[in-house]
Every structure is written in C-alpha cells, then in structure tokens.
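The letters A, B, C and D name the chains in turn, as written, and every chain counts its residues from 1.
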Amino acid sequence: MPSFLFYLFAAITLGFGLNVILARNPVTSALSLAVSFVGLAALFISLDAYFIGIIQILVYTGAVMVLFLFIIMLLDIQKEEAKRANTAAVIGGVVLAVVLTLQVAAVLGVFKEGAVTTEQRALSMEVASKREDVAQVKTIQKDLAAGTLPDAKLMGMTLFEQYGFHLQAIGLLLLVGTVGVVVLSKRESPGKPVV
Amino acid sequence: MSSLEIIIFIPFLAALAIWLGAPARLTAVVASTVNLLWVIVLAVRFPAFKSATDLAFVNKHVVLDNPAIAFAVGADGVSMIMALLTVLVTFAAIWQIVDKPSMYHISSLLISGGALGAFLCTDLFFIYAFHEVALIPTFLMIAIHGRAEKEQRLAVAWKTTIYLGAGSLVLLAGLVWAVIEFSGGGKLTFDLVALRAQAASSPLPAAAQAPLFFLLLVGFGTLVSLFPFHSWAAPAYATAPTPVAMLHSGVLKKFGLYGLFRIALPLLPSGAQVPWVQQALLLMLLGNILVVGLVTLHQKRLDDMLANSSVMHMGYLFLGLAAGTEIAVKGSMLLMFAHGVSIALLFAICGRMRNQLGTLEMAKLGGIGSHAPFLTVVFAFGAFASIGLPGLANFAGEVMIFMGAFANGNSSSTLIPAQGLTALHWTVILALWGVVISAVYMLRGYRAIFQGTPQTGLFMSDPASGQWLPLVLLAAVLLAVGCFPSLLLDLIQAPLVPGAIP
Amino acid sequence: MSVFNLEALLALLGLFVLLLEAFVPSVSSKALAGICMAGVAGVLVLLVTVAGGQDALPAFIGAYHQLDTLAIFYKAFALVITFLVLWLTLEAAPYLSKFTLDGKLGEMFSLPLFVCVGMMWMASAKDLVTVFVSLELVTVSFYVLVAYTRKSALALEAGVKYLILGALSTGVLVFGVAWVYGATGALSFEGITKAVQVGGVNKTALLFGVSFLLAGLGFKVAAVPFQMWVPDVYQGASTPTTVFLSVGSKAAGFAVLTRVIDALTVSGSMVRQEVITVLSIAGAVTVVVGSLPALFQTNVKRLLAYSSISHAGFLLLALAARDSVRVDLAPGGTVAFYLATYLPMTVLGFAALIQMRLNGRGEELDDFKGLAQKSPTLAFLITLAFASLAGLPLTAGFFGKMWVMLGLVDQQLWFALVCAIIGAAAGFYYYFRVILAMFTPEESTEPVRMGALARGVCVVLGCTIIVLGVYPKPLQMLLAKVPVAGKNATGH
Amino acid sequence: MITLNHYLFVSGALFALGLAGVVVRRNIIIIFMCLEMMLSAANLALVGFSRFRVTDGLPDYAAHSLVFFTITVAAAEVAVGLAVIVALYRTRQSVEVDTITRMQG
C-alpha cells in the first residue's frame, strides 16, 4: 500500500474520530464516527483483511451507526445542553489521552519487532497452497494456486473448523441480546387494564 | 467423645435450647449445675487420669491436615483450675439472674462455653476461636443491656470492642508467628503439644524470643487490661450487666494470663527474662498496681471502684510472669483463681445493691450493715480476700508471687543478693505498696457503705433465701482455698516454667 | 454423556423456558422458577456424577475446553449460585414484580441460565478467544438483568452505569488481548506460558498488553481502580441480580484470572515479578478502598457492596500469594477456597435483605433495629453471615482470610499484609454495627415472618457457614488436587 | 515505509481518543459511541498483529476470528445498550450523565 494512502486513511480515521468528541451536535458525532469507521475499514483492507474490512463497513457503518442515528433522531436529542462541559473532566480526558498516546509511542519505540513493513512479511500464496489444512478445501487451494488471497473463504474455514464452538456461543449471545432488547424496549400495552 | 468436649458443649446446647424456646432459667441453672458437678468430679479424679504429658481426658478430631488443625481437648492442672473457676462463677452468675430477658441466660452460657473451650482445648486455633465466641455476647450485652444512658453504654461497648478486637488481632498475629516459628520448617501445626515439644527440643535464642514474646504480651495483655491497654476495662465492668461483669472480670479476662502462662511461657521460656522485655513488663505492671491503684482510690462509686480494683490486681499476676520462677508462676495461678472468685462475688453483691438502692455513690450510702447483716459478712469476705487477708484465697497467691519474684536469680539461700537489688526486687518492693493502697480503698468503701448511720430512703435487705446460695458458695470457696491452697496447687504436678529453678 | 455437553443442555433449557414463557402466558412464576431450578439441580447432579470418569475431550472442543479440577469446581460453583439466584428471584417475586412492566418476571428466570452457561464456559476456557466470547455472554446478559426492573429508577440508572463501564472494560480487555497476542504470538494460555518461559518476547510490549488485560478483568471482579461501578450497580439492581454479580460474576472473573495469572507467572517467566507486584498492590489497595467507605455506610445493601470490593481485594491477594507452600492448596486453590466460603455468607446476607423487603422494611441500618426480638432465627442467621464475612473464627470466612495472610507472610509481601490486616480490622467494625443494630431492642413489635422455604434454605446456608468454619478439611482436600500448569516446576 | 508500528500507533491514538471521549463527554449516547471507537481501535491492533505474523504464507486467521467475534459482540452490545438508554430516556427525558447521580455515598 502506498504510504500516502495509509496516511490519508489514518488521518480520516483519527480526524473524524476526534470530531466525534468535539462536535456539539450528536448527529454530527454519529456521522463522524461512521466516516472514521470507513477509514478504519480501509486500513483493514490495506492489511489484507478484506473480509474484516467489509464487515466493518457492513456492520458498523451500515448497521450500528444507523442504529445510533436512528436513536438520536428518535429521542430528538439536538445538542448537549447549554451548560459548559465540566472543566475537570475535560482536562482529565485530555491528559489521559495524551499520556496514553505518549505511552503507546514509548512502547512502540522499544517494540523492535514492529519495525517491519508488509513487504518484509509478504504473504505467499504459493507457500500457502501447500498447507495441510488448506489442502482439504479444494476451492481455497485453487484460489491460492492462482495467486489470489481467498480471504473470506479462509475466514470461513477458520471459523467453522476451529471456532465452531465459539460461533455457537456467539449465537447464544445474540439470542440473549435480542431477548434483552425486547424486554427493555417494550412499552406497557395501552389496552391493558390497570390493576 | 471425651468428658471435656461434653463440658464445653453443654453451655452451647443449653443456649441453643433457650433460643429455641426452652424455659430460660431452668435450662440455664440445670446446665450450669451439671457442669459444676461434673468439673468437680473430673478435678477429683484428675490425678488418676493424667498421662505422661501431664494431660488428662485427651481427645482429638482432625479438622485440617495441613496446616494441622484439630479440635483437640485435654486438661492439665492449670486448665483444670481454670475450668473449676469458670463453672463456679458461671453457676453463681446464672443463679443470681432474676426476672431478666432470656438473652441474659444465653449470653452467660455462651461466655461460659467459650471460656471453657478456650481453657480446655489444646489447639491454638480453637483456643483463639472459643475466646472470640465468648467476647461477642459480652459486647452485645454491654451495648444493649448496659447500665447507663444509651449513648454512654454504646460508647463503652464500642471502646471495649475496639480495644479487645485490636488486642485479638495482635494476638492472632503473634500466635500465627509462633506457629510459623515452631512448626519446625515443615508443615504448620496449631497443636500446642507439638509446638511445645518443638520449642523444648530446639528453642529459639533468647534474643529472638523477645520480640515474639512482647507481641504476645501486648495481645494477651490487652485482653487482661495490662497497663497502658487497660482503659476499656473499668468502664466496661461498671457498665456491664451483673452476670456479664462477673463472668468477664472473673473468668474470661483470665484467658489472657492463661494464654501467657500456657502458650507464651512454654514456647518462649526466656522471653520474659530478656532485659528489655522484662523492664517493659515491670513498668507496665507497676502502672497497673500503682497508677490504677491511685485511680481506684479516687473512685466515688462502688462499681467504679471494683472495676478499677480488678484492673489493678492484674498487676500482681503479671509480676508472677515477670519473675518467671516456679513458685511465682504457681502463685499467679492461685491468685487468678482467687481473684476470679472474689471479684465475681463482689460484682454480684454490687449488682444486687444497685437493683435495690438505685445508686452506688458511696457518699450517699451507709449503715447497710444494720439491715443486711448477711450481705455485709459476704461482702467482707470478698473485700478482705481482695486485700489479701491471710486465711482467704488471695493471700497465698500474693505471698507466693512476692516470694518467688524476690527469690528470682538467687542461687544462694539469702533473700538479698550480694550485688544489690535488681529491677525485679525494686518492683516487688513498690508492688507491696499496692497491697496498702487496695487495703485503703477497700476498707474505706466497706466502711462508707456498711457502717455508719443509714441514709433515709436507702433501705436494703438481705437476699431472699433462694439467692443466698451463690454468694455463700463463692465465699466458702475463698475460705477453703485460703486455708488449704494445696487443694488447687496439688493439681499442678509438672513444672510450669521450663528449665526454671523449682 | 460428557461433561462438555452440560452447557448445551442448560442453554436448551433456557430456550425452552423462554418459549414457554412467550407462548404459554398462563404459566406462573413459581412454575418457571421450579423448572429452571430443577434443571440447574439436574445439571449439577450430572456434573458431579459424570465429572469423575470422563474421557478425553474430542478434538473439536478439546483445544478450547479443559476439564481439570479447577474447571469442574467453578462449573459446580456457577450452578450452585445460579440455583440460589433463581430461588432468591422467586423469593423476591412479590415485590420485584411491582417494578416490571407486565408484573411478571419471565426473563429473570431464563437469563440466569444463559449467564450460568457463560460462567461454565469461562471456567473451562483454554484460550483468550473462549474467554472473550463467554465473558461477553455473561456481561450482555447482565446488562439486561441489571436494568430488568425498569420501573425502578435506580435499576435503570444502575443498568446504564453497568453498561458504560462494562463496555469500557470490554474495549480495554480486547486491547490488552491484542497486545498480549502481538507480543507472544499466542491466544492460548499454553502458548502464552511457553512464550514467557522461552523468551524472545518483547517484554515492554507484553507488559503493556498484560496491564490492559488485567485492567479489563479487574473490572469484572471489581478491583481498584475499576470498582467505581460496584456500589451504585449493587444498590440499584434487584437483589437477586446483585447476588449474582457479587458472587457469580466475581467467581467467573477469578476463574479466568487464575488461568491468566498461572500462564504469566509460571516459573521462569520473564514477567513473573512484575505481575505479582501489580497484583499485590492492586489487591492491597482494593482491600483498603473497599473497607474504608463501608465504615460510614448506613444502607446495608451498599455496605455489602463495599465489603464485596474488599473481598475482591483479598482474592487478588490470594492470587498474588499463590505460590505459598504453607497450606495444602494448589496455587489456584486458595482463591477457589475463599470463593467457596464467600458464597454461603454473601447469599445469606442478601437473602436476609430480601426477607426484610418482604416484611415491608427497607435496607437501611435503622430497619434492622429490634430484629432479634421479632425474628430470632433471622437475626441469628444474619449474625452468622456477617460474623463470617468479618472473618471470625469458627465461621467459613476465617480460613479464607487466614490462608491469604499466611500466603502473604510466606511470599514476604509485607505491605499487602498490613493492608489486609487493616481491611480485616475495619470489617469487624462495620459488620458488627449491623449485628448490634439487630440486637438493639425496639418498641414496636410487628412480627417478621419468613416462609418455610426461605427458612429452610437460609438454615442450610447457615449450617454450611459453620461446617466450613469448623470442618474445612473436605473442601481443602478437594482443592488440594487442583492441577496447575507449572506447579511442580515452581521453584523458590 | 509503513510498518506495523504505524498501524499500532493509529490504533493506540484512536483508543486514547475514545477514552478521552468517555471521560469528557456527558451525553451517554456519545460516550457509547466512543466506547465503540475504543473497541475498533483494539480490532485494528489485532488485525495489524495478525497480518505481520505470517505463517506458511498466510496471516494468522485465529486473530481475525477474534476480531469477527468482537464486531459481533459489539453489535449485540450496542443493541442492548441503546435499549437501556432509550428506557432511561423515557423516564428522565435526558441522556446526560449528570442526571444519573441519584445514588451517592
């Protein structure tokens, strides 16, 4: 990936991320977050994680952020009430963020293992096509042999062969989530007589 | 199941029965009577049952393997004496409860059971645990049924709780330290017999014994109201309901000394003789005898005076510990018993007077002797015993302590060593003045209350015939032990102080 | 029937109850609770009977799931606490149902089953992905449970607080997992153990990740500085949920923490010293920070919340002193022992609060006045529970605290030891205040009634407290066998 | 050239931004958005690490799976969370943090 594209998308991610915090209007915040997530998705794709990148856009930008917007609109929250933000909280938040960023920078300073480029750790479809686990799934092997990265297929293989148990657990979690949403947002039925 | 276990559990079972609805007075009296008789029988048969380790009626249920904790019971002479004291005072305390909520009976039984457990167990964990069990009802009774305004009695209860709670924590720390120290590097054991054996076979160097001994001294000492950790005791006894005052000052408080003599001394025989520990201890016990003694002189109310005198007399017991000679330690044992009986007797009479007269201000009282001759005689027994009159139990104990302490360090037969008087000798000399002080306040109190002209409106009669029993019993014991101290001393066969001059 | 099917069985039961509740409107709370409790009890019986003679797990699950003694213990623990929570919910139903929309408690019975499933998975987790997935199942269910009694303003408030801080901890946890993975290249505990032993790992990056990982888990067990949510959430949530959070969620968190700490402090580990230091400091501070505000509390539910923080501190210290050789317990065993003693006393304490509410009394200290006159049994049981929470000898609480302190002495963590003693001493004070209030006589003599079932369960819990306090040998023997990676290799 | 550290820095900075938002903002919905931001930052770190841990020519898909689960969980969390927030709004007519301070002490 060319450097300037990385910087562009990083700037989009962080810049709009910053705007989420700065914007007075919740709608602006939500839309900024959506854009920030698109930038993030681009970064995922630049890391050859196509499937994750797409999911990020589909789930986060497409569903989660829309849900946020929907709720903001539904509740008709215009902007934060007039009173100024708590100064202590602002200072605390800024200090926390700066310290954390500096700490990350410091850690990265000694994290020599991280000073590698994608080229130095290039993926090799040819080597991959000879893997044992890949050999069992013909379509993946074919794609790899053809020199393309079948990211979604590999993802599927991993999920269903290694993480089948977790997938079901997640299913249970989604069920609980659904039940929870129903429980928490149903209204008192108007026709019901008051006892 | 050993007899000792049954003796320990009888009070608890009786308390449970009362809680569940059994008639309070009947159950409590029956339980305490059974216990009293049983312990007397055991004490009589004790010499025959004694094993090589000087323990009788041993039994053991393992609770944990590592660290080794067991519900182990066993009585040696000292435990036997303490058990006798406990059942005696319990019987008297429970007998004199009249027209009170069942909580009085339950608490008394719990304190009694806890004390018996603490004296008759031979496992440090259970010794400690039973003492804690006995403390809780003490606190609750002071806070709820104490004889003062609500705020005041709550304050007293909290003060007592905090002092004794902190003391117990220090004590626990000291015990755990001892367990770690004397488990011989291997698996931890709370078995006192094993710990003693280890301490005897590979004792610590004297200098290393000192800090641990001092920690235990502070922990146990707080429980016995050792100066300067004594300030909870006097208000607590003055406030506590009569049975609780009798049981705590007479019996439970002695647990601290019992612990020092049965745990600290065998494990750390030279601990008390290390100069800095001994000097600190001497200073503290002089504080008990002289400072608290002078405070006692200034008390205006009978209950305050008795409470303070109880704190003061602890000083003599610690003198026995500081001396560390066989005779002084045995004297302390005897005095523990005698003091327990005499103070219980005095508190019982004191509570009766408060109920009838409504005040205990000595300035307002007088001439009771003419109305209540029986009470006067019994009170005189207690008061004279407390002073240390020959023929009553305390005398023998005090004399043994003074002689033993004075003889310490003398291999020659002369009483006064050639190199001059040591700190211990000076302490004994000063402590003797304590006897004078206690004679002054006791006699003054006796004269103010029982002699002179009766005040108008303050009338007191002798107790009804049913209430004589506990008072007569306690007074008789004081007389019997005073005339024949060997009754108790013969129970102690093995030397109490490891390696000391007999 | 293999042990790893039990969770599936329980999840199916949960589904069944959900459907039953949705399609058969006439089914009563009692029936629902009965079905759920019977199911949980059945699974517990299956667990106990099957646990002994299990075969090796099949490969598809064996890579993520283990069934050592520790796992079985925490699974059983989860089932027991779920059973008790279901009982408490049933017990509290008369007043709880006033706070729900339709006057029913339907999901209050099925959701705990899913929580239980999550906790059982956590107990067996062998890698961080499993931990994450099951942890989130538990957390999301709790979001719903905490806010379930919607008509109570406090419950919604508590729900939002728990939500925000829960989501925050999830973010922190995943960030930590990412860095641990980045530094060691492994997501499984086994892989992490190997990586920290062999070396060639960037220590700074690993510590960075570990600190976030521990912070994320620290939230779940309410360790300082992530304890802010505890008092408000505990007070606002319905009492059965509070019990579930205080005992179940905490135990599950410690089950995972035990595994994580085992992996990180294995002998020869490059971060062993740092992790132990962090744990001991966090534990020491947690004990003190939990204890001090409790001194001034007049609301007993809030007091129990603070005390629960303090207990979390003791548990962290148990982890820090985990290599103690003084007690016959495997390194993770002290924590498990402490939790096993913590369960009956906490449940009993909260059950008493429910009984108070059922009798029209509140949760303030003043509401406890005179309880000893009106219901001696209840007062006695509360005394027992609180004495045990304070750690008085002859009750269950003593040995847990004792083992922790012995361990600290053994590891020479003196600062932590001092803090633990301060916390224990403060505990005597604030628990005793409640006991004192109960025994203070009060003029009005409205009787306090307890149902037969409540009385029975409470007495059983009380007996458990005494038995564990007087005869802890069976429990200790059970936990002495907890095999832990590197136990034999632990050098001194 | 763009190295792993570049990605990690972006991840760290985004995480810090989210954290700052959680502390600074008082609108619960925006706080919730910031939490999502933190979660995504963690995902970026995971994906970055997995891309650079090439074994047999492929990135580590185990970490990808974790990211997949994280996103799913986040979605469920958002759904439940927003439901709670809406329920709160119905009773309070506000989504400000300052209004949920009934319990103190």
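Going forward, a residue touches a chain if its C-beta (ideal position, glycine included) is under 8 Å from a C-beta of that chain, and two chains touch if they have at least 3 such contacts.
For clarity, every value in this text was computed on a predicted model and none was experimentally measured.
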*Which chain wins if you rank chains by how close their C-alpha centre is to the centre of all protein C-alpha atoms?*
C
*Between C-D and A-C, the pair with more C-beta contacts*: C-D
*Farthest chain from chain C, comparing Cα centres?*
B
*So how far apart, in whole Å, are chain B and chain D when each is placed at the average of its C-alpha atoms?*
66
_How many angstrom lie between the centres of chain A and chain C, each centre taken as the mean Cα position?_
31
*Would you kindly tell me how far, in whole Å, the mean C-alpha position of chain D lies from that of chain C?*
26
*Length of the line joining the C-alpha centres of chain B and chain C, rounded to whole Å*: 44
*Which positions in chain B touch two or more other chains at once?*
none
_Where chain A touches two or more other chains, by residue_ = 111, 113-114, 162-163, 166, 170, 173, 176-177, 180, 184
*Which parts of chain D, given as residue numbers and ranges, touch two or more other chains?*
8, 15, 18, 22, 32, 43, 48, 50, 62, 65, 69, 73, 76-77, 80, 84-85, 87
*In their complex, what parts of chain A are in touch with chain D?*
1, 3, 6, 10, 13-14, 17-18, 20-21, 26, 29-30, 33, 36-37, 40, 43-44, 47-49, 51-52, 55-56, 59-60, 63-64, 67-68, 71-72, 74-75, 77, 80-81, 85-86, 89-90, 92-94, 96-98, 100-101, 104-105, 108, 111, 113-119, 121-128, 130-131, 154-155, 157-159, 162-163, 166, 170, 173-174, 176-178, 180-181, 184-185
*Provide the residue numbers of chain B that touch chain C in the complex, in ascending order.*
19, 62-67, 71, 103, 125, 128-130, 132-133, 136, 139-140, 143-144, 157, 161-162, 165-166, 169, 173, 176, 180, 187-188
*In the complex formed with chain C, which residues of chain D make contact?*
8, 11, 15, 18, 22, 28, 31-32, 35, 38-39, 41-43, 45-46, 48-50, 53, 60, 62-63, 65-66, 69-70, 73, 76-77, 80-81, 84-85, 87-88, 91-92, 100, 102-103, 105
_Of chain C, residues touching chain A in the complex_ = 11, 15, 18, 60-61, 63-65, 101-103, 107, 110-111, 114, 117-118, 121, 129-130, 133-134, 136-137, 140-141, 143-144, 147-148, 150, 182, 202, 204-205, 208
*For chain C, which residues are in contact with chain D within the complex?*
128-129, 132-133, 136, 140, 143-144, 147, 150, 153-154, 156-161, 163-164, 167-168, 170-172, 174-175, 177-179, 181-182, 185, 187, 231-232, 235-236, 293, 296-297, 299, 302
